[in-house]
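In the two complexes below, chain A is the common chain; its partner is chain B in one and chain C in the other.
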Partner chain A sequence: MIRTRFRKGPVTRPIALVILFVILIALCFSSIAIGTRNVSWQEILGALQGQMNTMGEAAVTMRLPRTVLAVVAGSALGLSGALMQSVTRNPLADPGILGVNIGAAFFVVIGLAWFGINQLQSYVWLAILGAGITAIFVYFISSLGLGRPTPLKFALAGAATSAALSSFTVAVVLPRNDIAGGANSWQMGGVGGATFDSIQLVLPFLLIGFLMSAVVAKKLNSLALGDDVAAGLGENVAWTRGIAWLSAVLLCGATTAICGPIGFVGLVIPHLCRLLVGVDNRWLLVFSALGGACLLLIADITGRIISRPSELSVGVVTAFIGAPFFIWIVRRQRVKEL
Partner chain B sequence: MTLKHQLILDNLTAGYRDKTILKNINIDISPGQITSIIGANACGKSTLLRTMSRLLTPYKGQVLLDGKSIHNAPTRQLAQTLGLLPQSPIAPEGITVGDLVSRGRHPHHGLMSRWSKTDDEAVAKALETTKTTELLDREVDELSGGQRQRVWIAMALAQETDILLLDEPTTFLDVAHQIEVLDLLVELNQSRGTTIVLVLHDLNLASRYSDQLIAMQQGQIFASGTPELVVTEDIIHTVFGLHSHIISDPISGAPMVLPIGRHKRVTSP
Partner chain C sequence: MKNNVNATLSRIKYGRKQRSSRWNCLIVILCLLVMAAFSITLSLGQSFTSPTEVLKVLLGENVPGASFVVGHLRLPRAVISLLVGMSFGMAGVAFQIMLRNPLASPDIIGVSSGTTAAAVFAIIVLNMDGASVAFFSIVMGLLVAISIYALSYRNGAAGTRLILIGIGVSAMIESGIVYLLSQAPAWDRQEALRWLSGSVNSAQLHQALPLLISLLLFGGLLLSRTRDIEALRMGDDTAQSLGVRVGVTRIIVITSSVGLIAVGASITGPIAFVAFLSGPIAMRLIQNNGSLIIPSGLIGACLVMMGDYIGQFLLTSRYPVGVVTGALGAPYLIYLIIRVNRKGGSL
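On to the complex of A and B.
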């Protein structure tokens, strides 16, 4: 058929999608089964049916919400990164590198330290507000000076902003012994403390973010050809860009509110997915969401295994995976505008 | 044959920020013809094309497509009539020719509509017209400059608009590829009746390949009409500040400019 020939990616995309989905299910299962305590099959099945009679079943029941959170947060971060890379046409764009999740974290820490806020409900709003303000701030700085915001200006403005905000955050937390413990463990970025209640709280934000990204996916394909071409193809460039940004900010802000800042998922996953399925955003966004969920599950499981009987936060593990990957991207010869 | 679309520039004044570049531009673009905008560097050629293609909103005046201002029209609907190829567009890394050309179908799709047989046909035809069918699965990055330009034109063709605006489609191409691109535009104009407006640097190619010329000088239209009317020694001198001798192009019969510089002359001035 001509149709498939015109629009094909490097691999057959529906098949890849099914495979990725199967991997995700397998990882979810591993996440429930693997941990500091070894559990038997019966205990897993029992816990899934809501029983909590043995220690094993109790452990599995504890692992359920963190597994769900890893899936939700991972997919939100992966999607957020893919959106940011598309909007800025910048291969290095990522909620972490553009400073957006540091901004979210900064606001939450200020709320903790100065306004005595300790309700998760307020965290969410603070984090989204922080992510939004940082995103606008970075966008504003990078459009200063001559010409339009270039990928390079974006990355520089984001790096500078996130460096500044991290030091502000440290400055706010350091003199406060009373909140230092909580703030530090939260800033590490993790899914360990998840409860279904906390997930439920951010779910509406994430759902809106997912929905908005579905709306702009096709439009981002035009935007990828440059603003002028996109306008020529009848796209409202400013509008599309705004919705995509807002969606990315919602996804990353809400995730940061419950998990703390988790870096590199949004950077690594869209790149891998692009190698796998090509540059069509309608596929890329779906794959980035699934891939992000897989990566965060892997990171969480790894964190549980390598430092038994204690645990390593996913934020730390993703940084270990992400940092070498970042160098690899920068060293790749074909790094240029997306 | 459908009724040709009318593109009229009505008393346009436009520019960037506080710098006015175009002043009181009035012109009707001839439907079904090839019109080239010529003029010295920084005379406002590209600005005129950008305003015409709604990339730039004018301070004053309007661009009328079939009597309606394009700057107020729904942009997707407009994109079904008015196609645009900016100067040296950049393709995303790793995109295939097929994918790029398919994206030209964007204005014909809503949020939910699916890829149809009509889309396939439009893309196939665009590839065929630009002789890029065999490049289908190649990545745009690995193509030569001439091939890449043809692929971008194919994308604009897949859009199937009755009017096509191109900003210097021949920049960075060697002479053979320039001719190839211009021949392609003529074929398009003849076979589909597409109205084509382009900015061209090369005067002689503009003269040879255009039905109409618009000569601009300092943001205003100095002369417009057929190449025979516009390409004269006086006008070329005013517009480019260049002395020249005009002969008839032995290949096409269009007027041809022989520039007269200070050196390399057989006869002394």
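On to the complex of A and C.
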């Protein structure tokens, strides 16, 4: 069973929320202040007011969009993971593990290579389409056969699908020298190349995703009791599930379009948040979004510090934080539940 | 009464004879297939070299024109493909039998990526080459396999937990490979692809020696345990009651499979899906007529050679073999997942 530490009263959850918020702001600030170049307080303040007179101010101005992107993308990924875990009632559901990010990446690469699509607003659509198709595909494969889809079936179907898709992606990119450089750097997964323009393009999709998740949050609680009970309580199970999936797909598809595939954020964060605030989705989703933003900021900052003066991309850092966590979750489960 | 027993005995004998003759027959066919693929790789490329010329070159004669093409370009490819394919095929099926799940092949549970990461690390960071790379990646591969096993050990090692933990470990290792490659002084895409999906493009004849040794040593070890491994197909408990020492057999299977994979992967990279595909194909062909290890090795060899040939000559641009086997493997994989889900998790 999942332990609920703050079960006694609703008062502690707002406090936890405030603390998380403060942490997020502190991290945002560190993300602006820390980097290859050391900057002074004056330079940070100056850059925040829009000046760009010194190198330091220029560096800070460069760090602003990537900080915003890390917050936006992290919250989208965390939320999307929480939604997927709730809908599938599966502790291992995560856009990375299910291969959904790779699916989005594959569609974007096809668009780049075959249809000459090189504008972000078009590949957001492609990425969302790819994410959606892959999600449906993996879900379909793992729910064929007897019984409910177990975490094992899910993870295997996801791993297998992403292995296949990444080999297709290589096959598409390889003969095209003109796009290979861009596609390769994009596939590593990063927030480094962010601009405010590109963030603005995906923002509407993310907002819709956030809104939809807010709508289904309460309904997901009754879904957690099982389909039959939820139907008995008057929920339209298929509808709830559909909206939650759609919102999860929108969130991780749009994020992948702009950052490339980033794994494990959606896996780690909802679990940590569940330990913190319990299983009520109305709280869990909010916390997962904030927590995801924090994790991605931490990963981005770590990537900048570890290999100065070059950078380690976020995707690599999140995999190194996330995989041990994944193993821990697997070890916690009883064999029968796998 | 006695008549009855005799009749049953002769029926069993007859069945056994029929099974073994079917097995022999399939082995002969597979060998012919491997030989056919081998000779096509040798004689038919951008240009055609007649079999007699190929034979002359193989016997060490200097044939103008053909010597370079066959001896330097095609022969190393063919030999390395053959040996690597056999290694991957045998190792793959051994893992699949041991864990009783076709999806639990070394390329899916992280053993292949572990050995590849070790090889990349040895080459890029430690500047090693040749046998020391192979040795290093065997050691690291064993470490990875043992840690996956140890991490999944809780009141006994459960197969499902082992597979899941393998997936997690392999995700971590793969992003490690990406990082290592991005740190390499010359970011060469062909080289990078070799390590990410596997390729025999840079095959050289002297690399065949470590492969051959590992195939004899580790492959031999696997084959010497054929009977025990076959018993594992019926489940650990049944195998145990048939007198198989399950723990020992597991250790032998893990060690020798990791050895096979590591030496292969340190030369060609993890050729996608070969280890995964060979076993189920062998299972389909052989059914319950005998051991799967040798057939699976032969099928692996066929897959790599044909995949390489397709990647080189039959497509619009030249792809490394790993991309071809990856793309070929995908539909089969999906079919397999669906079938396994329908029937439960046995090979």
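Note that the second predicted complex is superposed on the first by the 310 of 338 C-alpha atoms of A that agree within 3 Å, B and C clash if a C-alpha of one lies under 4 Å from a C-alpha of the other, contacts with A are read in each partner's own complex, and residues count from 1 in each chain.
By definition in this document, a contact is a pair of C-beta atoms (placed from the backbone, for glycine too) under 8 Å apart; a residue touches a chain by one contact, two chains touch by 3 or more.
All of these numbers come straight from a predicted model, not from anything done at the bench.
Student: Among the partners chain B and chain C, which is in contact with a greater number of residues of chain A?
Tutor: Counted on chain A, the partner with more touching residues turns out to be C.
Student: Given the touch rule stated above, what does A:215 touch, chain B (first), chain C (second), both, or neither?
Tutor: Touch partner of A:215: chain B, not chain C.
Student: In the overlaid three-chain picture, which partner chain does A:57 touch, first (chain B) or second (chain C), both, or neither?
Tutor: neither
Student: Once the shared chain is lined up, is A:326 touching chain B (first), chain C (second), both, or neither of them?
Tutor: second
Student: Quick one: classify A:156 as touching chain B (first), chain C (second), both or neither.
Tutor: second
Student: First (chain B), second (chain C), both or neither: which does A:300 touch?
Tutor: neither
Student: Where does A:97 make contact in the superposed view: on chain B (first), on chain C (second), on both, or on neither?
Tutor: second
Student: For chain A, which residues lie in the overlap of the chain B contacts and the chain C contacts?
Tutor: Touching chain B and chain C on chain A: residues 338.
Student: Inside the complex, what are the residues of chain C that reach chain A?
Tutor: 103, 107-108, 151-152, 154, 158, 160-161, 163-165, 167-172, 174-176, 178-179, 182, 189, 193, 196-197, 272-273, 316-317, 319-320, 322-324, 326-327, 329-330, 333-334, 337-338, 340-344
Student: Where on chain B does chain A make contact in their complex?
Tutor: 53-55, 75-80, 82-86, 89-96, 98-104, 106-107, 109, 111, 115, 120, 123-124, 136-137, 141, 155-156, 159
Student: Using the touch rule from the top, collect the residues of chain A that touch chain C in their complex.
Tutor: 92, 96-97, 141-142, 144-146, 151-153, 155-157, 159-161, 163-168, 170-171, 174-175, 180, 184, 188, 263-264, 312-313, 315-316, 319-320, 322-324, 326-327, 330-331, 333, 335, 338
Student: Using the touch rule from the top, collect the residues of chain A that touch chain B in their complex.
Tutor: 2-3, 5-8, 89, 91, 215, 218, 221-222, 224-226, 228-229, 231-236, 274, 278-280, 334, 336-338
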